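Two complexes are shown next, each including chain A; its partner changes from chain B in the first to chain C in the second.
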Partner chain A sequence: MSNRTLTFSVFRYNPATPEIKPCMQSYQLKEAGGMTMFVALTKIREEQDPSLMFDFVCRASICGSCAMLINGKPRLACKTLTRDYGTKITLMPLPVFKLIGDLSVDTGTWFRRLSVKTRAWVHTKKEFDPTVLEERMDNATALEIYEPERCIECGCCIAGCATANIREDFLGAAGLNRVARFMVDPRDERSEQEYFEIVGSDEGVFGCYGLMACEDNCPTKLPLQYQLAFVRRKMAVAGLKR
Partner chain B sequence: MSNYQTHITDVLIIGAGLAGERAAIEASSHGLDSIILSLVPPRRSHSTAAQGGMQASLANCAMGKGDSTDIHFADTVKGSDWGCEQDVARLFCETVPIAVRQMAYWGVPWSRVVAGKKTLPNGQEIEDTKDKEGLITGRNFGGTAKWRTCYTADGTGHTMQYTIDSIVISLGITVHDRMEAISLIHDGEKCLGAVARCLRTGKLNVYIAKATVIATGGYGRLYDASTNAIICEGTGMALALDTGQVPLGNMEAVQFHPTGMVPVWILITEGARGDGGYLLDKNQHRFMPDYEPVKKDLASRDVVSRRMIEHFRKGFGVDSPYGPHMWLDIRHLGAKHIDTNLREIANICRNFAGIDPIKDLIPVRPTQHYSMGGVRINSEGFAYGLKGLFAVGEASCWDLHGFNRLGGNSLAETVVMGMIVGKKIAEYALGATLEYTSDVVEDAAKQQQERIDGLISGRHGREDVFQVRREMEETLMDYVGIFRTGPALQTAVDKLQVLHERAQHLGLRSSGVGANPEVTAALRLPGMIRLALCISYGALQRTESRGSHAREDFPKRDDANWLKRTLAYWPEGAVLPELKYEPVTITELPPGDRGYGESSASSKK
Partner chain C sequence: MLDTGISPQRSMGRNPRIDLYLDLAQLISGFLLVGFLWTHMVFVATIIIGADTFNSLAQFLDDYYLSYVGIPFIGLVALIHVIVVVRRIPNRYQDYWRHARTIMHFDTWTWIFQVVTALGIAILASIHVFAVIMGWPIDADTSAARMHAFWWFYLVLLILGEYHAGFGIYRQFVKWGWIKRKTIGFALKSITVIIVALGLAALWVFVQLGGALR
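Coming up: the complex of A and B.
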């Protein structure tokens, strides 16, 4: 068990009190065995500073709520262990997303807008018939859909993306990955040209430099490089046909 | 003076998990306007964390052959230890196959049957047949006679929630996330909506609706150790209770899972023990066979949890800063098996405890897992006691689960209820008119503003919210856990009554300005303690053992006196809940032997 005392340097700003300028605040904490940033921040809030704002929900790297910059890198705070860091740890809110306060940012609104923009639902003209069996699907296809579906909308790929940091309307790796999910789904009847309308621009695939910071930052380890290439290839073909 | 924003809609749905969103889709497809409130963006609701799957008797996979709604029904009733409503269970079992197929139509990538011969870990040979290839398959779960748990790899809750939410988005349904309902507005007869506090700004909002739906999930976080997301604090149940009109059903029925990982209480699935893992005590002695020579580490969830606690009490727990625990040992399964068949568990251990289960022992402890009790509604979803109020999902007591929920039956319940109750809500709202007096609304908002102002000014006292809260969590954990006795439950009730009194005197340490988390916690706490009292007091009065409710001083199920459901009311100003009882509906299956558990004839060695 550790005997370390950790020093957290945490970004502070509350939009309800704009007269108090943004600053970094330090907190000291004794490290415990197996301590995660979730455990550490909760302790700081309960014992030292109950006004500190941050977001945790599942605390199990499932819900995507808790991404923040940990020593400058976008990470899920709940699955980050303090023991993998030195005694000085800097915590900042994710860039790109609207700040709610301190370490809390509004990823929810961003991702709902993304779903609306990419029309991220199964488009079909068929009606649901409760009296018949489900349509058959190859299990391999189901798994192929599940792969991009695993995105937890945490925003790490967006926060670390050069394009997303300068282009507000860029769909980012998460957006293109979301489109890939529907492209491989045989239940979605959209044509390539319809997808081109959504992603065949600088907001979409053509805005991406392909430097792959996104894949390195993805806590779910999604094969973003593969998914981006898949969408780009499809859209290049669709573009030629226009 | 009204210092809040007002929203008017047909249907107000408090909660954006699977149950709430599915109900909203139903309302919307009937042409109604609805608004969904949620503490978090919908896709971050706790439903997303479910991995295992949802039960539906499709009978497609080899080990599901011959399955039917009748068998699913019998499993559910036995699982509930005859505490469930059998008409509800019947309706549920008949509807799940449709619900699961509708989820497929909407986009859930359910795992499918692959034809061919397979060998199970126990050596049994099975064959999935060609005629079923490509249909939705099922996996094995505890307490079921057939393999019927439909799943998508290891992320069933995730794919279901994302799919349902995609339909909510496609229908353009309004969602106000980071908006917490903090009280219901009612005139003693009818529910008129809710007062909510914005978790972005701290400002109050008033919602007025023809129908109001509580879909707020479970109360796991009343306990010190829970597998639930940290937002599962039972606030929706407390809103209903605080009306003084609406009862909560069977709050003493609390499910524990034997293997939550210390200290983050993330669930380690039963699969670890299913594959041959076992529990060790502080002397690294495998103790389960001493208690359960036949089933050993694989006795049912409630049984294993009870044995672990028994062993702690004898002083064999491993001490840690987070309380005593046992070890789960899977090292002997070998690196290859662990990194393929138990990959999820291995990653959780590495990420969250910094241990490698190939070389290290996993610290585990029985952990609160599911809330069987909740807002008591009738079979159509109408809450008892107030018109225009409904409940769905884990927050409700429909009562499908009685005293023990089967794994896989609650995801199924969320979407089935969303369908069935959603339709009833829509019918009700279509026939209702929006009638309210502004006084009632104004008063409700004023009362909440005063609560907030009181906290900020500190005029009621200086009790620390986190301190009182921790004492509540520990009280439930220590005295209202897996094993219960009259004296321990009485201690809990006494302690909680003191805490409830202290919670009337909370004062902030911080300024309370804006979306201040201390205010958020302080507003929730008194209601949470009232729920804790409903659980403890209900358990104290119930002098029998049934399902998850295990009284050491009354170890047998007592159908003559206790084949009934507890209804807990909280009249204004009360210091204890008022308990009433109602009969359980038995339509098909008379009370009998469950076929497992301590008191079952067939599980005796």
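Coming up: the complex of A and C.
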């Protein structure tokens, strides 16, 4: 069991009190066995500073709410162990997203916009008939749909992405991954050209620099390089065809 | 209000496929330049076999006008490459810089060096082409004399060129997903090491030759 004392340097700013300038505040904490960043933050809030803001829901890397920059890298606080770090740990909120306060950011609005922009639902002209069995799909296709669906919308890939940090309208890996999911879905009747309108530009797949910070930072280890390249190839073919 | 996607200004004002064409232009011009660079290094490396081999190759390229077609063509391709990649440099490059410093991600850094090396190559390669044309035709003695005097110049250009080409091509393979990231990284590193070694060997032979000719 460790007996280290950790020093957390935490970003503090509350947009509701703009007269207090953003700053980094230090907290000292005794490390406990198997401690995660989330546990550390909760302890700090309970014992030292009740005003500290950060997000969490599931504590089991499922909901994606607790993402933050841990020593500069986008990570889930509930999954990251303090023992993998030195005694000095810096915590910052994710960039790109709107700051709610301290470490808490609003990823919801961003992802909502993404869903609307990519029209992230199955587009079909078929009437839904609740009395008949669902159409079957082969296992390989089903797996190709469920793999990208594992995205927990934590925003790590967006925060780590240079393009998303520079241009606001970039869909990012999470967005392109979502589109890829509908592209392989046989129930979605959208044509290649319709997809091209959504992602066939610098806002979409051609804005990507291929730096793969998204894939390297994705906590659910989605195959983002594969997904981005899949969309890119499909869109290149669609764009050249017409 | 939520942004519902396709803005009328965007879909009407410009060709909707322009971003695709620019991306492809970057890809194709880049590949042509890498192909040229590697051929060039292999040609130059014939000096390792001997000055005669080198001279007859230069003579051959000259006789069949390959040099006269090749040089302007590559110049044009390079120009296209510059024009289409400049758009990639963010208007607010400070943002990129700050981002790279924060997240400390390896590939994100390599991209900054990509811009820096590009600038270096643009300047040094222009000087090099100018020098070669001024001393036309190419032959082992003039090249050797030049290398002997300016070996540091060529050393820098060689390293910049290889770095830029190696990572540029790596990123294209990654983006188009023709190959898994780890494999392609390894393959390109090996090719780059071979080409740099070849270049260094040629440089060394030239410098020796240049010294002997004095």
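Please note the rule applied: the second predicted complex is superposed on the first by the 242 of 242 C-alpha atoms of A that agree within 3 Å, B and C clash if a C-alpha of one lies under 4 Å from a C-alpha of the other, contacts with A are read in each partner's own complex, and residues count from 1 in each chain.
Please note the rule applied: a residue touches a chain if its C-beta (ideal position, glycine included) is under 8 Å from a C-beta of that chain, and two chains touch if they have at least 3 such contacts.
What you see is a predicted model; the values in this text were computed from it and never measured.
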Combined model on chain A where chain B meets chain C, clash or fit: fit
Which of chain B and chain C A:Ser201 touches, first, second, both or neither: second
Partner chain(s) touched by A:Arg112 [first = chain B, second = chain C, both, neither]: both
Which of chain B and chain C A:Ser61 touches, first, second, both or neither: first
Which superposed partner A:Phe8 touches (first chain B, second chain C, both, neither): neither
Computed vertex angle (chain A) for partners chain B and chain C, CA, steps of 10°: 160
Which superposed partner A:Arg136 touches (first chain B, second chain C, both, neither): first
Partner touching more residues of chain A, whether chain B or chain C: B
Which of chain B and chain C A:Arg187 touches, first, second, both or neither: first
After superposition on chain A, the shortest CA separation from chain B to chain C (Å): 10
Chain B/chain C common contact set on chain A: 112, 116, 119
Complex interface listing, chain B residues touching chain A: 40-41, 43-46, 48-49, 98, 100-102, 104-107, 109-114, 133-137, 152-153, 155, 158-159, 162, 165-167, 169-170, 175, 177-178, 200-202, 229-231, 263-264, 266, 320-321, 348, 351-355, 465-466, 508-511, 513-518, 521
List of chain C residues in touch with chain A within their complex: 2-6, 10-11, 16-17, 19-20, 22-24, 88, 90, 92, 95-96, 99-100, 102-105, 107-108, 110-111, 171-172, 174-178, 180-181
Chain B contact footprint on chain A (complex, rising order): 14-17, 32-34, 36, 38-39, 45-47, 49-53, 55-65, 78-79, 81, 83-84, 100-101, 104, 106-109, 111-112, 115-116, 119-122, 124, 126, 128, 130, 133-139, 141-143, 145-146, 149-150, 152-153, 185, 187-188
Complex contacts: residues of chain A adjacent to chain C: 69, 72-74, 92, 95, 112-113, 116-119, 159-160, 162, 165-167, 196-198, 200-202, 206-213, 215-217, 225-226, 228-230, 232-233, 235-236, 239-240, 242
